[in-house]
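Below are two complexes that have subunit A in common, paired first with subunit B and then with subunit C.
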Partner chain A sequence: MTDTAPGLPRLGTTLFSLTLEQRRPGRDLASLVAEVAARDLGPGLEMVAFQSLRGWPRLDDDAVREVRGVIDASGLTPSCLAINLDLGLYPGRLLSDDEAYEYVAVQVRGAAALGFPAVRVGIECGPEIMTRLLPLAEQLGVKVGVEIHAPLTIEAPPVAALKELFTRLDTPWLGFIPDMSASMRAVPDAVDDAHRVAGISPELTALTKELWAEPGPTMAKFPELERRAAEAGATPAQLGNLRMLFTMHGRMAPERWAEFFPHVVHVHGKFYGIVDGPDGLTDPSIDWPAVARVLREQGYTGFVSSEYEAHAYSDRYSAFDQIRSQHDMLKRLLEAEPAVAAR
Partner chain B sequence: MFDRYIVCEEGFRALDDGRTGGVVEVRMPYYRGLTLSMVEAVDLVLDGRPVPPARTTFTVHGRTYRFDQLPHTTDDRWEMGERAQLAFETDEPLTPGEHEVAVAVRLRISYMPVPGGGRDTKRLTLAA
Partner chain C sequence: MGPLDDQVVRADSLTATADGLDIAVYSHWYRALPLPSLARVDLTVDGRRIDPAELSVTVNGTRHPFSGLAEAGDEYWFTTDPLVLHVPVETAPGREHRVQLLLGLSIPYILTGPDRVPLVAPSATDKTLTAAGART
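Let's turn to the complex of A and B:
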């Protein structure tokens, strides 16, 4: 596996990038992981437990051995396992704190059994549950990270509450997982494909992108989006697509990721498309030079999992090729940035 | 996001147990598997006519459920990409040839800001 230079963030892949690939008949975990390794898209390997592991979280010893065998044979390094807290498991009510803790705890134990050093949870895993998870995380040696995904920002009250908690507990076992969806500079062009299929006019897509790019909190822009979409004759389903652009793509300045440190346990290198620009590989919707600078300045040496998500909008591009491009771009950016100490 | 994968092109067939009706194969419109208690509805509209959920059943990996059983089923899961069989009864036998099959899936995903699920309509051919 090609690695970045020592002291730098390390690259990797989450199998979530290969969601469409995983849906192909005949594809299994072993062949997918082997292909990630063969294409040198490690060294880190992340996966979504409820996506890639049949029967999760109740894996018997044989299943655990099999998954570990697949990872070992690939030469990849387990980086993070994405797990979920399904608060809406039962109709008509949310899980109690006791139930929520158990729902997550069994998955943290499962992650440890599979050899993952970290798990990803969502923001629905609040301070109460996180606090209760600390002894287990410590005992198992598994870090628990709350993903900061669009539409969350550093200012969102649940994020501020977690930051206060992590600062107070001052532990390496709990923290954040920045996801670059929260700090984008443009809505990705891949959405055009999805909108064409949904019958949304290019004019309405362009209008939504412009509204997105205007200053101000995204949530405050919903009324105007709805008004203008209604004027343009958008159906409820089409409005759903347009709203999704606002919730899936956040506009936080990438420099603000610095405020999440030192409580960062893993990073999601979310992206929607790398293109060949005049100066080489570039990402029109995410400012990777700025992100790389923050990671370097903070001395982050954990993994950045390449998380290609344009498959949600289009099946036109090869996720494998896109990750290759992102790795090449990131390696160049990370290794070219002068270290803070050397400045 | 995964709406267009819901209705499978293959596997559309008439019931073979003596009842009138058919089977359409469907896939989860989400990026991961979900416990069946979170599958709120898999509604079928055949040739423009809604089929009542009470006349449909849902089968995953060989286990068959009525829709009024799903809310209580927390020990089984519909996996991503897994083909489930939506069996339905009709008053009249299905005619061979093309049918319009519309399926709407409603999923209860607690952390999503919008209702989960999706809908897909395809024209499927029933072999003679």
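Let's turn to the complex of A and C:
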């Protein structure tokens, strides 16, 4: 296992990183978990329940026993189970608050049965449902974390409302799960592969990356993106792909993750590719030295789940190798002596 | 957009049956989705647009009329399972068909815009494939 020194964040892997691997013939949950362990990509193990667990959210006792057996045999430590509130389950309406609570509660119970100490929900799980979940979380000993994923930032009103709630309730059972997609420094190069397949010209991809990197709120850049993409002859489907780059990759300063503490229950080490640079392993699109500094300064000792997501754009890279590189990089950064305070 | 798009309809997806063409379809989304998420199935076979009302769909071993999926919110299409579209077109083992499919999956936890409407994630396929014979 990639064990970090005591008192530091612990590393791990989410099986979401292996989305393409999961589809290969002969693969099943047991083989993916075993390979994560064999490649020392623990100690933490996270998975997306609806992705990895057939029959979720209604696992019978045999299924629970089987999944627990797979995890136990691997020697990995369950860190977090990603669950979903499918508010838009039915066409033309959203679930009522009672339906939404039940939809999540059954999954929190399922996570507890599987031995996970935390669950991840999305921002659609607002203050009202979170408040209702608190007694259940306490009773089961399962923390409930709202993922802060691009395009969310600390300033987004739903995030601010949750922060106010967590501060007021002052409980360890509810909190945030920072996802590094919200604080990127560049659009990942892996998108080039997907754009080539989608027939988007390299010039248009470059233009979108440039606009993304300019200062200012991302929302304000959509009109210019749409105008210039239309001038360049982009089809509506291609424009949809370009818009997605603005939605999936946020530009919040990584130092601002400090403002989510002490209400952080888990961390998603989202990344899109580690490269071997002149100074060793580095991530061109995420400033990990800055992130590691925040986690260390805040005294965070929970898990950072490596979440490789370039599989959404390209199948050129091995997710296993990428996580290995990220773990090696993170271990070095986390264990480095704290930088001498310059101020 | 992405590597899973090419796997929505695979080389061995077509099967000729007694009542038409079966097309095995795989999800381009990473997680299991409830059946109402199958929001849009724009299917054209050999140039003929197939009205969704003519389709039935087998998932988890149960055959549903396409219109019935919207109410099957407690059933999920698992990540690695195909669902089968039963298409009323004439075919036979060994016959080639051009399959054009725009599959739009409604993503029930990603709500967009002021009206909080689920994102529809599209995947487009255009392949000419050979139908296998039905296994008996």
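Throughout what follows, the second predicted complex is superposed on the first by the 336 of 343 C-alpha atoms of A that agree within 3 Å, B and C clash if a C-alpha of one lies under 4 Å from a C-alpha of the other, contacts with A are read in each partner's own complex, and residues count from 1 in each chain.
In this text, contacts are C-beta pairs under 8 Å (C-beta built on N, C-alpha and C of every residue); 3 or more make two chains touch, one makes a residue touch a chain.
No experiment lies behind these values; they were computed from the predicted model shown.
On the superposed subunit A, the positions of subunit B and subunit C overlap enough to count as a clash.
Once the two complexes are laid over each other on the shared chain, residue contacts for A:Ser314 go to subunit C alone; subunit B is not touched. Contacts of A:Gly88 after superposition on the shared chain: both subunit B and subunit C are touched. By the document's definition of touching, of the two partners only subunit B reaches A:Arg243; subunit C does not.
On subunit A, the surface patch touched by subunit B in one complex and by subunit C in the other comprises residues 16, 19, 22-23, 48, 50-51, 54, 56, 84-91, 94, 122, 124, 194, 197, 237, 240, 244, 312-313.
Those residues of subunit C lying in contact with subunit A across their complex are 1-5, 7, 26, 30-34, 36, 39, 70-71, 73, 76, 78-80, 106-111, 116-118, 122, 124. Per the touch definition, subunit A reaches subunit B in the complex via residues 16, 19, 22-23, 48, 50-51, 54, 56, 84-91, 94, 122-124, 151, 194, 197, 237, 240, 243-244, 247, 312-313. Across the complex, subunit B meets subunit A through its residues 1-2, 4-5, 27, 31-35, 37-38, 40, 71, 74, 77, 79-81, 108-111, 113-114, 119.
By the touch rule above, subunit A contacts subunit C in their complex via residues 16, 19-20, 22-23, 27, 48, 50-52, 54, 56, 84-91, 94, 122, 124, 194, 197-198, 237, 240-241, 244, 311-315.
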